[in-house]
Each structure stands twice: as structure tokens, then as C-alpha cells.
Amino acid sequence: MTTPQRPTGLSRAEVAAKVAAAIPDGACVNLGIGAPTAVADHLPDGVEIMLHTENGMLGMGAAPAPEHVDPDLINAGKQAVTAVLGASYFHHADSFAMMRGGHVDLCVLGAYQVSQRGDLANWSTGAPGAIPAVGGAMDLATGAREVVVMTDLLTRDGTPKLVQDCTYPLTGVACVTRVFTDHGAFTITDGRFALDEIYGDADVRWLRATLDLDLVDARQEDQT
Amino acid sequence: MTTPQRPTGLSRAEVAAKVAAAIPDGACVNLGIGAPTAVADHLPDGVEIMLHTENGMLGMGAAPAPEHVDPDLINAGKQAVTAVLGASYFHHADSFAMMRGGHVDLCVLGAYQVSQRGDLANWSTGAPGAIPAVGGAMDLATGAREVVVMTDLLTRDGTPKLVQDCTYPLTGVACVTRVFTDHGAFTITDGRFALDEIYGDADVRWLRATLDLDLVDARQEDQT
Amino acid sequence: MIDKRRDTVTEALEDIHDGAVILVGGFGRAGQPVELIDGLIAQGARDLTVVNNNAGNGDTGLAALLAAGRVRKMVCSFPRQHDSWVFDGLYRAGEVELELVPQGTLAERIRAAGAGIPAFYCPTGVGTPLAEGKESRVIDGREHVLEHALAADYALIAGLAADRWGNLVFRRTARNFGPIMATAARTTIAQVDEIVELGALDPEAIVTPGVHVDRVVEVGERPWLRDGAFVGGVTVNGEPLSQPTTKEATA
Amino acid sequence: MIDKRRDTVTEALEDIHDGAVILVGGFGRAGQPVELIDGLIAQGARDLTVVNNNAGNGDTGLAALLAAGRVRKMVCSFPRQHDSWVFDGLYRAGEVELELVPQGTLAERIRAAGAGIPAFYCPTGVGTPLAEGKESRVIDGREHVLEHALAADYALIAGLAADRWGNLVFRRTARNFGPIMATAARTTIAQVDEIVELGALDPEAIVTPGVHVDRVVEVGERPWLRDGAFVGGVTVNGEPLSQPTTKEATA
């Protein structure tokens, strides 16, 4: 069997917009460092969400103009942010109690790998000599009511990030429920990936050929 | 052996003044409900202490004039109090973390019984049908760095409150270090009561005859 | 849009079911959500488990809920007070259960529930009747008992002010159990003297971030702050208070 | 009289001993007590165990302490950053130990130490390499690991303002670890921009009650808030910042 040519997918910004569209109005949301941060820029008009940042704020706003940067007002990625009306500050134990206690409705995280039972690996490739760093990833994976992954479907060398079993060190077990990628969106149900939407030029045949998974086509089921 | 006539002792206010004089300047102190509350009225001039009240304030002040009572500003005994300059408010978990975490230097508690190893019984006489109520007594007995008891030496019927072993349900184990009574002050050391001071008309002979204890006379040791 | 405001106490309480576990804020009368409790009595839910530091004072608030026969079990640290006659009578008649918990352990169990900590080791109560039957363990040379998180279906609490996100501030020692109870219930309902515009509360001084609150209802300034009838045992130097007072002058 | 003010950083730090365990506040540069760390470098204590969320950024603050060879072990959640070259080099050379802890577990272990809770069950990290070797237990059908309190000899933290009782307020997300670290050390030393008169801080808005603070030292407004050199990776939309900024306008 030959793997077909890699199709064109969505840009990072376009995937961020797909994730943003899936966030319910009024939700308390934590956006992980890296690509998920961009989700905040794509929330639909009229939707109001509370953005939580692990370093002690609820009601995080957009990036400031450069002349308004405040080094005491940053997000988990140490980027300058602002505070919206209704914002509040709290210390780190309260901030992580918020996550661990199930008060964050949804978090969006990047991934190295996601398994079909929802295991997430996103903090270490286990490479010898690498300096391990976990930050708040495990707390979010464990504590958020819903863990959504936003990632490229394939690594640069074409290796799928959606897998039967993660080979990298885990961040959390059976925690991911949805995955948004450049080529499609998936829900994890009963230990399998279900394809909800296809993005760009990809088709189911290519996805099945590329991913070594027992992939459910939830689009068809919806149509019957 | 006949027990001699009960001698005259100090009044409650006088005992409170003895306790107050033993509190180091700058200490963080919790005064239990009931008689210990009066200790606040007898602090020497020039001494500044932080009064902690379990219901969420540091920097508790004296009782207000009746026209200044605020039902939202009360102490552990639900009496109206005031706040001094430097006061702060916090919630109950933080308030008891303060005690349990060893941040309260000293607490003053009443007692039904204190044993020679420092066990305290002050919350229940174990009488059948009585409604049990413990409040913050166990937290204070366990958490304060030093637990000082302020009590009458004898019950109304003449039964000693300083005992070899408590017969009432315990509040805390081996927690009391000092006891101030109407007839004398005691330190608990190496499983024995040591008499530090005699108050009023009592003498050592009467104390030895009255208390069924192996009492050390620490006054004499100090003088040698 | 995030809008947790409810127009009436009735609306705020409508889904409370029989058998619910309810955290009720307050230490004596301070911070007790009296208007919500009155609403709960009218609402009619019964067979409740109520968690509060005390077990009601006088004949109003929590005491009235008990008197109405709605409470199956009280979880508290200090039920016995000079004016807790309602609870006393029900308890002696065997009509209400009591789970007695040291006050700090009660607070920490509630905080743990809100923080996703299912159990913790605690030194309080070791060697006393309240540790009997509890699993224990020596850590760092000291004995501790294992205590479990205390979660609830509802929390009814009282704050000073809220905004439409549910951010809350409290007033003086009326703060007490409110902030931790807000975190530990599936649904948290707060009564406040005043609902203010979003942004009116200082972000540095908000005590309970809105994420912990589901519904807020404005009840106006509580009249009993001024009416001189300080139910709940507020006294001056141990003497009951009998005259009208003002609250502004206290400091 | 209660007076926790110290005239100089030198005086505030004089008794720190070799081998001390030190909690250092801050998340990246926000809330990092840079002036105290500079003082600690000058003071000379070595063989330190340092607890901080990160492991230093750029060449100043915690990174400078590491570069000076004073740190035997780092306890942190996120040592690897684009500008953590000092730690990276020492770690690869085997000159510093690393204990990696999930950030929320780190925070909760510190909070537990301050709250007299020696150990607690925690769901974070179960099934991952960071749970290996830890005691575990199923509670309410879910697996948890046993985590222990993380206490220290000293805490060095940064606040916005203090009074002579040691009451502290913080500024925005610079609050982060400061309040919990203050509770968990035998001796807590706070640097603040300003020391104010007793009573000047709003009792409702004090974040750290003075009982948790042993020494406060005024360092003035931190120049790096304005100097445009935002060491610690502060960026705008992911781009490093290169121009002077003001802090008042942000909201």
C-alpha cells in the first residue's frame, strides 16, 4: 500500500478558529502555551468566555500594544497580556485548585501524541539528555472538565500524532475528548477516534491510509 | 490526711493579667472563648500583639461601644469586637491553616482537665445526653506553638482540674505547656507539673495535699 | 454573555432537590445567607444534609429551616450555643443526625473538595474521640488521621457585593466559610447586598473569582445589620445587645 | 512593638546558612524577588536547594544565583525555556540536581506545608513518569498519588507594598507563588516596592496577613518594570519586546 500525497490542510490560525467556534458561550477556558494561545484571537463575536491563566488570573485579555506592556501582567507562556473587565487575581495554589477541582470547563493543549483512548503526551519526547519540563500540563490534563487538543495531524516528517498507544511519556491518561488538526477534527469515544470533520483537501481514504487507527467516520453516521 | 481549708485565690481578672504578662511582645495570639477572652484587657502597656480570631481575622481589637457594634465583626465567641490598624480578614481555611501550620505563637484555652503529660480536656464532659460541640478547640490545641491553659484550679465542688490522667474526652494530647490558675501557675515538663508561682493564700503544702500529683516545686529550684 | 444574576431568591433556588447536601455559609449570624435560607424554607426541599459551622441560633435563618423539619443531618463543629434551642430539641428527640467535625478540619475538607484533593492527612483530633475509627498514619514522627473532602450539591452563601460574572467580595468576619464553600458545591448560589457593574470590583481585592459562583441574587442591605436584634449571640463584653446600632462607625 | 522592617537587603538576609532550602517567588520574572536574590549572591550562602516554578531566565536574578554556583538542587515545574541557558548548562554538566514537579502539585505541596497538612492525595500525574515510585491509592474510583508537604528554611518573595506588621499586597500576576511561599518557610523575607504606614493597606484586600512574614525590606520601584529589557521572556504576541514601556496604561 502506498501512502498518497500529503493534502493541503488548514493553517494554524484556521485551526484556532475551528477550536474557538467549538467553545460554548460563558465557558471558563484555559489555553495552553504555544499554538493554543491563538484560539483567543478567533472567538466569535457575541461570545463571552472567562480565560484562565495558570499563573493566577481569570479574565485574561488580548495582548497589549507594545507601549502598554506590563511585566507584572503575563500569561502562562510569559507573554504580555491584558485584563478584561471582571478579571481577578489569585495565588498559585488557588489557581491550580481551580483546575484540579474541575472548575475550568475546557482547556486547549498542544500534543506530541494522542492515543485512541485519550492518553496525551505533550511534555517530553523522552530523548536522552533533554531537560524535562512539565509546567502546568499535567494539572490541566487531569483537572479540566474537557481536554481539547489542537495540533498538526502529522509531524514534519509525516509521522501521525494520533496513535493507538503513545510512545512518548504521558501527560495524562484517558483525558482527551476532542482533537482539532489541520486535516480534520476528531472525537474520542469508546477507545476509538471518530472523525467529525475533514479540513482542506484531505479525504477519508487518505486519513485511513495515513493513520494506523480503527477510525470511525462520524460524519456518515450523522448523515444516516 | 485531711484537706486543709480552701485558701483565697486570684479573681478571673487577676489570672487574666498573669497570663497577659506572660505573652511576649510581638506574638500572634489566639484567645479561646470564655474566660481567656479577658486576657486582651490586661496586656501591659507598650506590648503589641496580633490577636487572631478563628473566624477569619488577625488584628482583633477591643469590644466596641454599643452604638458601634457591627454584626459582621465578631470574635470566635460571637461577641462584637473591633479591628485594629494592621488588621486583615481571611476565609476559614486560611484561618485554620494559620493555626494548624504553626503560625499562631500562643493560644490561651479554658479547661475541664489538664493532665501531667499535657493532655487537655475542654470540650466535653462526656455526660450522657449532652450535645457535643468542639468548635476550634482541637485545632488550637494541636496547632498553636504553645498552648496555655487558664482555669480555676478546682471545680466548684473542689475537684482538681490538674490530674494524672484526664477522665473526660480529650481535646489534644500532650499539648499544654503552661497552666495559670487562681492559686498558682504551673509548667508541664517531663510528664510532671512544676509549680512556678503561688497566688493568694495558698501554700505548697495545701497544693500538694489538694492535688493528687507528683508536683515539682520549680520556685525552689530557681532559688538554688 | 456571562450573566449569573437572578431576579429573585425563588428563581435562584428553584432546582434544589430533596435529599440535597447543602453547604450553608456563616459563623453564627455573620455571613449566614438568611434570605436564601428563608427562600429554601418556602421552596420546600426536605431531607437535607446541611453543613454549617453551627446549628442555628434563635428562631430565624438556619434555626427556622431546622424547625421546619427539612434537615435530616447537620454537619458542624459547634451546634451547642446558648440560643441553639431549636437544634437542641430536635437532636434530643432524635429527629436530626449530627456529624461533629473540628472546625479547622471542616474548613479544610470543604477546601479540599473545591481543590480536587480527595483526602489529606491531618493532625487535628488525634487521640480524641473524634479520631476514633479513622485511618491514621505517622508522618514525620507525628500521628495524623486521614480526612476526606466534603463536597456538596449546593452552596448557599452571603457576600457584600457581586458582579454578573459572579465575582464576590465579603464584609469583615462575614467572609468566614463563604469563599471555600463556593468552591466545593456543584451549584453555588450567593446572596449579596448589592450587584455592581462588571469591572466595579477591584481585581486585586476580589475574594471569590466568578468561576466558583453560579447564581447571584441581590437582597439589599440586610436589615438586621441595623435593627438591634442581633440574633446569633452578638454581645458586647458578653452582655446581650439591646439597642439599635450603626455599622459605619466600627473600626 | 511589631516591626518587621529591615533597612537593607543585606540585613534582611544575614542569617541564611549553607545548605538552606529556599522558596523563591516568581513565575518567570513576574514576582521574582530580584533584589533579594542579588543580595543572596552577595551574602555567599551555598549548597542551596531552591524551589521556584522555573530555573532562571537570562543572566540575572535566579539565573545569576545559579551561575554563581550556589545552588545544589532546583525543585521546579518548568526549567526549560528559551532563555534558561544558565540552568541548561549546569544541568547538562551534572552540576545541579533537578526535582521536576507538576506545577499545581508544587503549589499544593507548598500550601500544605504552610497549612500543617503533611501529605495529601492528588490525581495529577497518575499514569505518567512523574508518578513513578509514588505511593498510590484509589479514592472514589480514581487513582491518586500521595504527595508530601514542601517546607523550607526561607522564603524570598516580592510584593508591591507592606506595612510594619508584614501585611502584604501584590501586583497583578506577580502575586503567583508569593502568598503560599510566605506560609511555608520558617523565615519569610519579602521585598516590596514600598513600605506604608500601618493601617494604610485595606484589611479586606491584604493578601498575605503579617503573621506569615518575618522581614520586609523596601527596594523602591523595580526599574526593570520600565526599562524595556523584559528579562524572563515577556513578549507581545510571541515577539520579544524591544522598546521602553509604561505600566500604568495596561488594563
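For clarity, chains are labelled A, B, C and D in written order, and residue numbers in each chain start from 1.
What we mean here is this: contacts are C-beta pairs under 8 Å (C-beta built on N, C-alpha and C of every residue); 3 or more make two chains touch, one makes a residue touch a chain.
If you're wondering where the values come from, they're calculated on a predicted model, not measured in any experiment.
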Separation of chain C from chain B in steps, with touching chains one step apart
1
By label order, what chains touch chain B and chain D together?
C
Of all chains present, which has the mean Cα position farthest from that of chain D?
B
If you tally contacting C-beta pairs, which pair wins, A-D or A-C?
A-D
Go ahead and note the Å separation of the Cα centroids belonging to chain A and chain D.
28
Centre-of-Cα separation between chain B and chain A, whole angstrom:
57
Using mean CA coordinates as chain centres, what's the gap between chain C and chain D in Å?
34
Roughly how many whole angstrom separate the Cα centroids of chain A and chain C?
38
Which positions in chain B are in touch with at least two other chains?
83, 89-90, 93, 96-97, 99-100, 143
Provide the list of chain C residues touching at least two other chains, using ranges where the numbers run on.
108, 111, 115-117, 122-123, 170-172, 203-204, 207
Thinking of each chain as a vertex joined to the chains it touches, would you call that graph a line, ring, star, complete, or other?
other
Which pairs of chains touch each other?
A-C, A-D, B-C, B-D, C-D
What residues of chain D sit close enough to touch chain A in their complex?
27-31, 53, 77-81, 87-88, 91-92, 98, 100-105, 107-108, 110-111, 122-130, 170-180, 207, 224-225, 230, 232-238, 241, 243, 245-247, 249-251
In their shared complex, at which residues does chain D touch chain C?
108, 112, 115-123, 139-140, 142, 144, 148, 169-172, 202-205, 207
Which chain D residues qualify as touching chain B in the complex?
1-2, 111, 113-117, 163-165, 167, 183, 198-199, 201, 203-204, 206, 209-212
Complex contact set, residues of chain A against chain C:
25-26, 28, 46, 48-50, 52, 58-59, 83, 85-90, 93, 96-104, 143
Touching residues on chain B, where the partner in the complex is chain C
37, 53-57, 63-64, 66-74, 77-80, 82-83, 89-93, 95-97, 99-100, 119, 124, 129-139, 142-143, 169-173
